[in-house]
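Next come two complexes, and both contain chain A; in the first it sits with chain B, in the second with chain C.
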Partner chain A sequence: MPNNRGQMRIVEAFLSILLLFSALTMTTLISPASNSGKDNDLTTMGMQLLISMDNDGQLGRLVDEGNWTTLADALNTLLPVGVSYNFTVYNENLQPVNNVSISNGIMPNQNVVSIQYPCASATLQGSYYLLRLQLATAR
Partner chain B sequence: MLAVLVVSLVLLSTQLYIYEVGRSLDGIESIRVNDFVLAVKLGSKHVVTGALANISVGGEGSILSANLERWASFTGGLYMFGKPVLNHTLRNASPYTNGTRLSWGTDGFGITSAYANFDFSLSDRQVNVKLPYAVNITTSFVVEGVYQTLQDDVKQINVTCNVLNEGNPALAENVTVLYEDSGSWQRADKQSSYSFADYGNGTYLVSFEADIPGENVNVSVQVYDVRGIYVQANVTCTSVT
Partner chain C sequence: MPASSVDTFFACSLMVILIVSAMVGTAKVMQPYINDLSNMNGVERCRGLAEYLLLSTGKPYNWGKMADVAPTAFGLASETQRPYELDLDKVSRLNSNSIHSITYQEISAALGTKDISLNIKIHPLFEVSINLVSNQSGETETTYTFQVSTSKSGFPVSAWLQCYTVVETYSSNVSSSTGSNGVDLVNATLPNSPNGMALFMVFAKAKADSRMMAFNVHSFGHNSETPEPNGTFLQLSPLNYVLNVSFQYQTVEISNAYVFTCNYHFNFSQTAAGNQTVEYSIPHLLDASPMMLVLNGNNGSTSFAEWTAYPQLPLEIGADFGDLTTMSKTAALTYIVSINSVLYESIITCRSVQNYDA
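Up next is the complex of A and B:
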């Protein structure tokens, strides 16, 4: 009888190891890192877009003029197909400036990243804005 | 035995999850810091440009420092993971005074320039950034003028103007040429013979005929570049046959 009990212990130990290994494998596969990578790409793309528009002062100029149509056209052209956006402009006191929606419609159940970009316009008095660009792709 | 196994599983799974999440957050934060620094740097350049445009049309020289302090204060409150600090020093070494230089000479060379040094620092949980950088915004141009006497005091005058931004050829928003006639300045574009050629590379050629007594033909050229920065220069035209 003592011999049989010992064998059961060994089987139990093997099963435990198998279960533990399976759980670890599953945890790695279900890790949220893959989703974060996608969000990182979207954040980087959004920042690079804003930086390239701001490089020659174009971004600040459009915001200063309140030229929301041209701004939306630029975002529609420069962002890849399948990426939704919502763009909001805040003034130096962090109050919203754009009186019309600058968006192509972010749908519910999408991965959304939010990018905040400080922008200075090269006008005579100097106007400063906080730009918030929300980007989303389908899950 | 089974209970121990379950507890071990939960602990290991949680540890692995925290490790993965922490690792991805480090990546995101590093990207955010780099992009934030770049945005602040670009903004500093635009602030200097705007202030220089203001000063070049007669604005107070103190606006450069005042606007940069406003920019530092604005950006200082925008980064959520730490406190960014932006300090600036305006160049005061000759030929700059309080960060600006307006040199509108009679030798055919005009320059409007601003120079500021910055020290940006940001410390937070993950990163420690210290970035010194300089912003130099300069609009300059060179004017050359020649004239040919056509009849009596009537002269054909050709003025060539080369506009530069930071030493590179740049476009002008507006170019105005004046000539001196008996002590007073007259606009060249009022002459019926006036012609203006834009070569598209920062070079402009203005030609006109004017009745100017004497041998001295002085012209003054006033330029606004596309950034709104004003610069002017005078030159005495040389006679050609």
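Up next is the complex of A and C:
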């Protein structure tokens, strides 16, 4: 009877190669591309922008008036070119208030960060809103 | 040698090759992630530094107002403690055109971060461009037509315009606005009697938010030859509401001094005079607008009109990251800051020497 033990070792070696390379391939595919640095930049920028807009009550005033065109114009001027945004205003019951889209078009293949900002209008009624600003740059 | 030994040797060799190639492969795959982690530390450090210099006043807290004092700790925030509100004079001292300017070396020493290269830019949120498109001379007056464009990186911005024209003792103003295309034609009429260098100034206020303002100045010869560039005859350095004027020539004579803001314009008066320098007192105005300080006069037979903005913007100070190789290794952070209730854009770019050159 021929000795097959050596052949089995070769088969084992090939199996090991297969196992290790498939593990390596899987790791590469599963690992997400790290974008946390860029995301932090966008989050900081978005929050800082909303604070600046709200400094003298302008943000609350525009939301109160439902002046979405002016709000979009302000965001277009404040944000650097190349940053996409989508802005949504929610009332106290978390229902969307803006009846038109306030956006310059977020592309599907972009890293999107979402910033939530509570805002109160400076009127006697004192309405409260939750603003959600989504920002994105090309991946 | 038995066949099984050959097979075992072959199998062992395969295993060794496999392990070595796996190690090389893992290293190649992981390298970008390891690099990204170390870069992220650099970005975080840069963010910390940028926020520190925009949110802290520095030491002494009013170093901006003291012309001959360099800060021991660097910070641009105003004393009001409002977040991202910068001090008018601290910002003006970053402009190299001012005689009171501090150097990049002084900034670097005051920050205490010798392993970080830094570049600071502060400018209006959008741009105003002015082009003289035509002029029509009459018997007593000449009408100039300017095309004024307001845009941000090429995209139009709708804005209210306040335009001033000044030549010698004559000044006039006209209001206008740019539409959705960001362009408007503005006429300025000047009498033919005064002649010399004239300035056409534009303050633009975004319709979306009156705190977003931009400005620009166009100089042109009114019944005279093409004017010299700004800064040829005078060096203007506003600080702590005093305008210091240094003459570039001994024969320079100043005739008039004006202050222009978005809503007001008036003459301002000389308060002191020295050897080749004079000082003017700048009024404190509640108007939320940058100020344009204009001086005109003569140098021999040549008339001039020189100007500066207060705060002295736009400005850029620090390391030059223009080279593409250098640019790829930098972190640039954009902030919206306010100076005297007007919003500006500040871009702070950092490069950690340790991270990238080691």
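As a convention for this text, the second predicted complex is superposed on the first by the 105 of 139 C-alpha atoms of A that agree within 3 Å, B and C clash if a C-alpha of one lies under 4 Å from a C-alpha of the other, contacts with A are read in each partner's own complex, and residues count from 1 in each chain.
In the analysis below, a residue touches a chain if its C-beta (ideal position, glycine included) is under 8 Å from a C-beta of that chain, and two chains touch if they have at least 3 such contacts.
Since the model is a prediction, treat every value here as computed from it, not as a measurement.
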| item | value |
| --- | --- |
| Touched partner set for A:44, first chain B, second chain C, both or neither | both |
| Touched partner set for A:55, first chain B, second chain C, both or neither | both |
| Partner chain(s) touched by A:120 [first = chain B, second = chain C, both, neither] | first |
| Touching partner for A:130 - first (chain B), second (chain C), both, neither | first |
| Touched partner set for A:12, first chain B, second chain C, both or neither | both |
| First, second, both or neither for A:81, with chain B first and chain C second | second |
| Which superposed partner A:92 touches (first chain B, second chain C, both, neither) | first |
| Contacts of A:65 with chain B and chain C, given as first, second, both or neither | neither |
| Touching both chain B and chain C, residues of chain A | 12, 16, 20, 24, 27-28, 31, 36-37, 40, 44, 51, 55 |
| Touching residues on chain A, where the partner in the complex is chain B | 12, 16, 19-20, 23-24, 27-28, 31-33, 36-37, 39-40, 43-44, 47, 50-51, 54-55, 57, 60, 92, 116-126, 128, 130 |
| Sites on chain C touched by chain A in the complex | 2-8, 10-11, 14-15, 18, 22, 25-26, 29, 33, 36-37, 39-40, 43-44, 47, 82-84, 125-126, 152-155, 157-158, 206-209, 211-212, 331, 333-338, 341, 343, 345 |
| Contact set on chain B toward chain A in their complex | 1, 5, 8-9, 12-13, 16-17, 20-21, 23-25, 27-28, 31-32, 35-36, 38-40, 42-44, 46-47, 49-51, 53-54, 57, 59, 63, 67, 70-71, 74-75, 78, 227-228 |
| Touching residues on chain A, where the partner in the complex is chain C | 3, 5-7, 9-10, 12-14, 16-17, 20-21, 24, 27-28, 31, 34, 36-37, 40-41, 44-45, 48-49, 51-53, 55-56, 58, 70-71, 73-74, 76-78, 80-81 |
